[in-house]
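Look for chain A in each of the two complexes below; its partner is chain B in the first and chain C in the second.
Our next item is the complex of A and B:
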């Protein structure tokens, strides 16, 4: 188990380094640099000073070395746009995105899985309605759901149109602030969660149907178990495996989806920050955002793998056997 | 269910192909008196049944965007005029705005038809390119095995892990922001293909790797067929069904990617009608509530994605598409 974790951590580190380095080099090699943000009337000295501040006067390779050396000490340089260290900006945006993504994941799980169990194990109108609804939701990606919900909010005023807090909100702490965020949360979460809930529902329904076709389900029925017990206690456990595999992948979908949702609903998360940074060629902010994205991805795939191990004893056995071999070898 | 999906897709493609004939107005024409004008409904009753007509619209208050129909003066639709199926000339009380007008007074319905051309052709071209690259790389990896397979598979897995939207965003954003439409088209095609190939390659690799051990391939090799001939004639055709399914998954994903990029201002220039650039109109939240018809491109995207899902579900191969 520990060797498994160590390997995964190494992979995570490699992922973060590769992703952030390529983002840095990409932003550096792209035509134009951050001095364009200074405007057409900036003096030569100001431009030179800005270039020196962001190491643009070095060649790309040596800039990368300098940046890596600093990044190893968890200093990621300054942002031009915000005129502040990148670390705080990125951590704050990442926390906002994590709140959005985790809430959406929880909602999608709570809605999608039970509906999938019902749709997969029963026949009749209820299951058909669920199937039709999830087919529609699958066809409404986050871009469309967020636009639609913003439109609904604009006409009904049930929710705030966007943002994470009201303008009048007090400082970033205290119950009043939390309540304010809670009011702003449902719209983006719903926009992000709907398509993912539909995906979960379809997967779960399919997995339950497959599991119920296997001989052990028939055997359970033959032993006289109630339909409810066969589905919930036997078939569901087996069906968890394909589902857990998807949780690891869902992080990518959540990140991609949250970019759109953040953009449409003005949620101050990582997606918006990345977009701003890329447009302004704010090189260290780009690299910082990419590094944070890499961390999310690595965490997601790690959690997905751990879930798989928890859901499938056969995999646990295999992992144990592998690590045993290695120790004896 | 499958039929319904195919019918919807055919309808959209026909609409795009026949856009110049079906569109009542030129897509770039602005009607200064019709900023955010609501749709002009086509009516049949005015003192008894008569041929389809509209009531001309009049601005009551440009500031409040209030319009009024002149219910005393029915204007008949003109069929087959100026090379268009149906239109209403300006002089006769036009324009005919089936889906209203946007912030510049352009006909949303006409732009929707023209936008379908760019959006669909871009998605189709990207899909073809992604399939081609994916089949090639997957085929080579599956056939060659060994180090080549290992390297290509690692590369595939790496690209697969990345969140596609961010990569597309980054690749587009590092290019100059203002580019001519043709260049944007080529650039987006390349970016989308770059993001789409790994899924294809992984599946093709698995199929080719299992297929190459079969007798007919061994026989082909024994008869002296070169690896490239084996791949092109025997192994890749075996992956045909898989490629078809992947195409149906990639196509809506690319339509959506174009819409997203154009929506955030990193796709086509705003003057080119595509479903994405049209959606920029919806970014003005305060005006959205009063002009829901600017969401028409969103509805069009929904129809295409739903149609594709209906087709694929009808074949029994339920797709699980996590990342459009």
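Our next item is the complex of A and C:
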């Protein structure tokens, strides 16, 4: 287990370095740079000063080396847009996105998996409605979902239109602040969770249908177990394997979805920060956001692997066997 | 009935403030925060465009217009209780021209390319001396927020002024003489400003200003979401004018009694179309032979039906224009600027006069060597009216045999191409920094960084540009307003005859705000409503 974790940690480190370095270099090599934000007619001295401040007067390789040297000390440079160090900005935004992502993942799991079990194990109108709803949720892009939800919120006033806290929450105590955040969660969480819940439902339905066709399920039916027991106690466990595999991917989907959802709903998270950084070509902020995105992806992948390990006894046996072989050798 | 005291309003802004120090940041959010938290010696009233006493209550000017003696308003204090004196004014001027401070205001506060000077005979008097006579004179000082010496002199001495009062600074450190003080800044969410209890200004009835207890600036980066918030009552106002496509829903909300729609007037800036005319870059391009001829650009001007342009591009909310100074700039607009009536036959004649005819009958004119009048126009991606404007231009010019392909680009890429003259033609709205032409020398002078069609020339490329250079420098140094107008009208005539930039329509600007907001004095300049924040209030009981 410890070697597994060590391998995963190394993988995570490599992922973060590759993703953030690629982001830095791509942001640098694409046409235009952050000095465009000074306006089309900024003076030459102001442009030169800004380029020097963000190391844009160096060649890309030299800039990367300087940035990596700083990043090794957890200093990721300054943001042009926010005029403050990238590290604090990215950490705060990542925490906000984590709140959103965890809530969306929880909702997607709680909605998608039970519906998938129903749709995969039954025939009839109910299953057909679930399938149709999933297809709609999968087809509608997050931009449209979030705009639609904002429109619904504006019309019904059931939820706040956006943001993470309300104006009245200026300087609140802890529980009041948490309650305020909770009130603001439904809109972005729904926009993020619906396509993922649909993905889970579709995967779960297919996996449970496949599991119910397996000989062990037929044997359980032959032994006289109720349909409910066959589905929940036998087929579901087996069907979890493909689902655990996509949990890591779901984190990636949450991150990409959060770009537009956070932008539309004014949620101050990593997706919105990344979007703003990319739009302004705020090079160190782009790299910092990408590094944090890499951390999220690595964590998602790790969680997916651990879930897979927990769900599939054959993987646990194989891991034990490999460990035993090493000890014997 | 006097306005109600107390209450708060919520406004939306689309971007974070880059700093709380306007001397080193020029973004719109920083500018707005400066309006709310800082004072100036004199102020240009955004509605009447008149110069008003502000932190200076009166002044005398020398006959040659170079020396201005300003008397500071007695009893003014900073929001932390420290007295405001002439030392703060001297410090602010010093900071603007300190090289290490890299102030973005240095060039706009210079006259004749040299810095203004400030001296303080006593704590309540400041003498501002211009190195050369200045047409705008004290109006230039409207741009200069006076910053507290006692808070920032250490940073200036240490050479860290450029990063002082950045967005990470604790709000308690930011003091001002404006109507509000920063209470809290939550990055990505909002800036909260509370009433400055030490604000100096009084209402005509003697009541202390501002009326409002609090202004909240919510950061809403997406413009559709910003509109939805306004419509649903989540915000009272936005920081900028409505887009043409937002007019109908806001009008509907007004009819339902939820919002108030205000016409600000014709905007001071118009969308512009120009070719890169830099001979060093374009000289070898065979199309440059005819593009550099004013007749070619006049043909384009004749080919566009400006009424239809205004109707299509701005959905009817625009007026036709023929020059950079729109009717929105009431002080400097000149109605006699050369006009080019919509006349496709005249456009074809002008093209034929340049030897441009459709010889191969493919719908595009070409010269005798077979060089087609075909161009790529760059514009900014994602802005509705730019996309509509270039579409109308494409159709209009196609009818007279000029083909254009449109390439919408991200802002940064577009600016990079513009600065390198790596484009054929461009459609964009360059925003003038000042209504007074002397404040826009960067646009008019051939050496200017905003002389868009041929940036930063070492020597004027054409005789008519040289003439404009001379006239504009004279105009900027002339005190007599009538003489200044004569000189600038001549500049407008020369530009109108040579058409380095073509203008088609200037938008009418509209603004929406909640019905509970009182004391709104709209302006075509930004910020359209919050420039007057100290006199805003909310309806009693709301």
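In this text, the second predicted complex is superposed on the first by the 306 of 329 C-alpha atoms of A that agree within 3 Å, B and C clash if a C-alpha of one lies under 4 Å from a C-alpha of the other, contacts with A are read in each partner's own complex, and residues count from 1 in each chain.
Note that a contact is a pair of C-beta atoms (placed from the backbone, for glycine too) under 8 Å apart; a residue touches a chain by one contact, two chains touch by 3 or more.
Here the structure is a predicted model, which is why all the values come from computation and not from measurement.
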>> With the two structures overlaid on chain A, would chain B and chain C clash, or do they fit side by side?
In response: clash
>> On the A-aligned overlay, A:120 touches which partner chain: chain B = first, chain C = second, or both, or neither?
In response: neither
>> Tell me the contact category for A:304 with respect to chain B and chain C: first, second, both or neither.
In response: neither
> Looking at the overlay, what does A:112 touch: chain B (first), chain C (second), both, or neither?
Replying inline: neither
>> Tell me the contact category for A:19 with respect to chain B and chain C: first, second, both or neither.
In response: first
>> Contact-wise, after the overlay, does A:162 reach chain B, chain C, both or neither (first, second, both, neither)?
In response: both
> Can A:206 be said to touch chain B (first), chain C (second), both, or neither?
Replying inline: first
>> By the touch definition at the top of the document, which applies to A:77: first (chain B), second (chain C), both, or neither?
In response: neither
> When the two structures are overlaid on chain A, which partner does A:151 contact: first (chain B), second (chain C), both, or neither?
Replying inline: both
>> On the A-aligned overlay, A:38 touches which partner chain: chain B = first, chain C = second, or both, or neither?
In response: second
>> Out of 404-412, 440-448, 494-502 or 512-520, where does chain C collide with chain B after the chain A superposition?
In response: 404-412
> Same chain A residues contacting chain B and chain C, which ones?
Replying inline: 30-32, 147, 150-151, 154-155, 161-162, 263-264, 279
>> Using the touch definition from the top, list the residues of chain A that touch chain B in their complex.
In response: 15, 18-19, 23, 26-27, 29-32, 135-136, 138-141, 143-144, 147-148, 150-151, 154-155, 161-162, 195-196, 199, 202-203, 206, 246, 249-250, 252-253, 255-257, 259-260, 263-264, 271, 274-275, 278-279, 286, 290, 293, 297, 301
> Where on chain B does chain A make contact in their complex?
Replying inline: 158, 161-166, 169-171, 173-177, 256, 259-260, 263-264, 279, 282-283, 285-286, 288-289, 292, 295, 298, 301-302, 305-306, 309-310, 313, 318, 320-324
> What residues on chain A touch chain C, complex-wise?
Replying inline: 30-34, 36-46, 49, 80-85, 88-89, 92-93, 96, 147, 150-151, 153-155, 157, 160-165, 167, 170-171, 263-266, 268-269, 272-273, 276, 279-281
>> Applying the document's contact rule, which stretches of chain C touch chain A when the two form their complex?
In response: 8, 10, 15-16, 18-19, 25-27, 102, 104, 107, 162-163, 166-168, 183-184, 186-190, 192, 216, 218-222, 224-225, 228-229, 231-232, 234, 410-419, 428, 430, 442-443, 448-450
